[in-house]
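Multiple structures follow.
The two complexes that follow have chain A in common; it is paired with chain B in the first and with chain C in the second.
Here is the complex of A and B:
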């Protein structure tokens, strides 16, 4: 069922596809994080925006991924840009929701205490609110990275997709080996990202038991 | 030190006054306790001092300066604050929590570290607690850390909003005692809010009793409030047994040492520490019960009731004999405090 010689012959292209996959996930994650960060700052400046943003990102998240990529395609074509924009949008939605929810669930009496001790708005955000919301923030990044690993394979349909291309190859040639290889590597990659953020959480957050 | 000048406040969206024209002067270096039923506005009044709440009209002056003329952050950094359930920052160690205000004030690292280690022993905790996180501490320990944090920049004024309400009774009483002992050394102006009259009597140099709508009904020393309640409301609020409460206010050392005729002789050792009552062969000697002169008359009374002859032996700090106490000594003490009899 599995053609081992094919794997041995094609280890280099497979490796390159894996690297491409990691690159797409990382790019999507980073730009999503950046935009989410800017939006969180926006809600600090105008707190009324927080609730509409949470709702909006919730609604956008229900748009099917394939539809989203097809919607972006007229503007940026079958390029890596299309893929990264779509991935970033998904990343943005998950990260934003988790961060805003984390910030909103910070205990009010602790923020009040910070105010009473003489923290300025910015000092309170950087010194108290953000660290307290860090577990939620990291949980968001963890979910996002795992979601993106899966989502990248979908972008194979617009000519990108890292390991997703192996699916297409396998499907077109009715050849199972590339499909199985792609599946196993994707799952392993998702596991690695998950473990990365899990360790980051353990390393950074020592105060919750 | 702190002056309220016809301060008024209505909560937003409420027709009722929260504070109706409060004028009050809190003297420097005393513990002033705000007490009253819940919803009487005492917490709002406290929170107006560091502008966590704002007044609609009137002035509040801290050390002569009107609070609304100062920058709000400067004002707050200059006033210690401790709230109910000790709102420590859970993501910071004990040391970081205590050093919060000095950090905001831009103190150097060494100066902060030195101050933090001073404070941790001041509030009776071991230095090894400094690296722990708040969720690794008991409720009582958390309260101690919160107190240290409130005192960190050595502010002249400290505000405490029901600081001990969430603690179990034994720990609460111990912390109350320690706060009083600490205050004897620090001489801060402390304003403490509580709904517990016992607590107010125990720690207050002065008590402000509020009725609804932030109306001040009596502002006086605990003794005077117990002896001369200003209204039926205050009488009810004080509750039962005002005499017992007065006894818990007075220390044994407040009484003159007087000799009491006792049917037994007391044996002292060479350091003048009482060792036992001597029996005169026919009647067995009662159990020897000593009370330290630092303790309250209430404590002395409870001990008198527990021995057969109703006499307890009073000892000084080092355990040495000072005298004896009986019920008669307590009657005398209370009579001297009673209004109208005091002058006779």
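Here is the complex of A and C:
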């Protein structure tokens, strides 16, 4: 089932695809985080917007990944931009849901106390609310990164896809080795991202333990 | 503007709706495959989750399985299944079932495991049998989590069934994959819109069903005074 000599001969292209995969996940994650951050600030300014935003992201999240990528395609074509926009949309949805849920679960009396101590709205958010919601936020990032690693492979169908391209190669040549290699590497990469955010969580939230 | 009128024209042709590979029969196929897979997945994952929660064994395995399930790329699983077992519709169904077991199993396990054990002791002390405790206490309390597992499995199934068209599978994904192959933009966009509408409609239906069931059987809540 596995042709080791193929792996030895092709370690360089495989490595390049892996690097491409990491790049796509990182780009998607970063831009998703950025937009999610802006939206959270928006809900801070206009709290009424929080519910519709959660509802809207819930609806958008149900759109099948391939369909989402394809619906972006008319604007940006078969390019890396299309994959990054699609990936960041998914990232945005998961991060936004987790962060807003985390912020909403903060006890209301803490806000009152902060205000009584003379905190401004922004000071209260940065100094009190955000640290309290940090566990939920990081949990969201863990889920997001693992999901994105899998989603990147789908973009192989629109000409991108990092390691996902090996699935296409394997199917086209009826050769299982690339498919197995890609599956194993994808899962390992997902666990690496998961572990990264897990360690970040342990490092940042030391006060809980 | 060109694109929008192209898509509109594509939708307005009756031959794109009717016939063997029209939208309606492809939609029927898609719904059939998805409901078949989720039924099989439920038949496996629900009893297994209940059993594991009752014997409190394999908790760490359940979580590992859940993480693995999220990390496994669906396209790869479908392609590998086809290459190893050979191309049959049933092969793709097996792959779809395998992919939707983790969310259902994990949520069933957690849903039953998280129930306050004092409630179970109380049920025992007022003379409820094991089966009664299960159907009247554990199942209703775990219902919201079990149902949300089913919902995420369903959303994932609709998406994976679409991707599986790449490996020759039927259903709505055909419009996307064939359209990509022929560079037929109106068809790709049309197919993507229909499959998105299907996903959103089933999610909305699930959410309405959950609200209705919660109201009817008051699942997921403990009567005041019991705790």
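Keep in mind that, in the parts below, the second predicted complex is superposed on the first by the 208 of 209 C-alpha atoms of A that agree within 3 Å, B and C clash if a C-alpha of one lies under 4 Å from a C-alpha of the other, contacts with A are read in each partner's own complex, and residues count from 1 in each chain.
Following the convention adopted for this analysis, a contact is a pair of C-beta atoms (placed from the backbone, for glycine too) under 8 Å apart; a residue touches a chain by one contact, two chains touch by 3 or more.
Please read these numbers as outputs of a predicted model, since none were measured by experiment.
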{"item": "Chain A: partner with more touched residues, chain B or chain C", "value": "C"}
{"item": "Touched partner set for A:136, first chain B, second chain C, both or neither", "value": "neither"}
{"item": "Touching partner for A:29 - first (chain B), second (chain C), both, neither", "value": "neither"}
{"item": "Partner chain in contact with A:174 - chain B first, chain C second, else both or neither", "value": "second"}
{"item": "First, second, both or neither for A:150, with chain B first and chain C second", "value": "second"}
{"item": "Which superposed partner A:191 touches (first chain B, second chain C, both, neither)", "value": "second"}
{"item": "Which superposed partner A:112 touches (first chain B, second chain C, both, neither)", "value": "first"}
{"item": "Partner chain in contact with A:94 - chain B first, chain C second, else both or neither", "value": "neither"}
{"item": "Which superposed partner A:65 touches (first chain B, second chain C, both, neither)", "value": "second"}
{"item": "Contacts on chain A seen with chain B and repeated with chain C across the two complexes", "value": "none"}
{"item": "Chain A-facing residues of chain C, complex", "value": "3, 67-68, 70-77, 79-80, 82-84, 155, 158-159, 162-163, 166-167, 173, 176-177, 180, 185, 188-189, 191-193, 195-196, 199-200, 202-203"}
{"item": "Touch list for chain A against partner chain C, complex", "value": "1, 58-59, 61-68, 70-71, 73-74, 143, 146-147, 149-150, 153-154, 156-158, 164, 167, 170-171, 174, 176, 179-180, 182-183, 186-187, 190-191, 194"}
{"item": "In the complex with chain A, residue positions of chain B that touch it", "value": "50, 52, 73-78, 81, 83-85, 87, 89-92, 100-101, 104, 133-136, 149"}
{"item": "Complex contact set, residues of chain A against chain B", "value": "107, 109-110, 112-120, 123, 128, 131-132, 134, 205-209"}
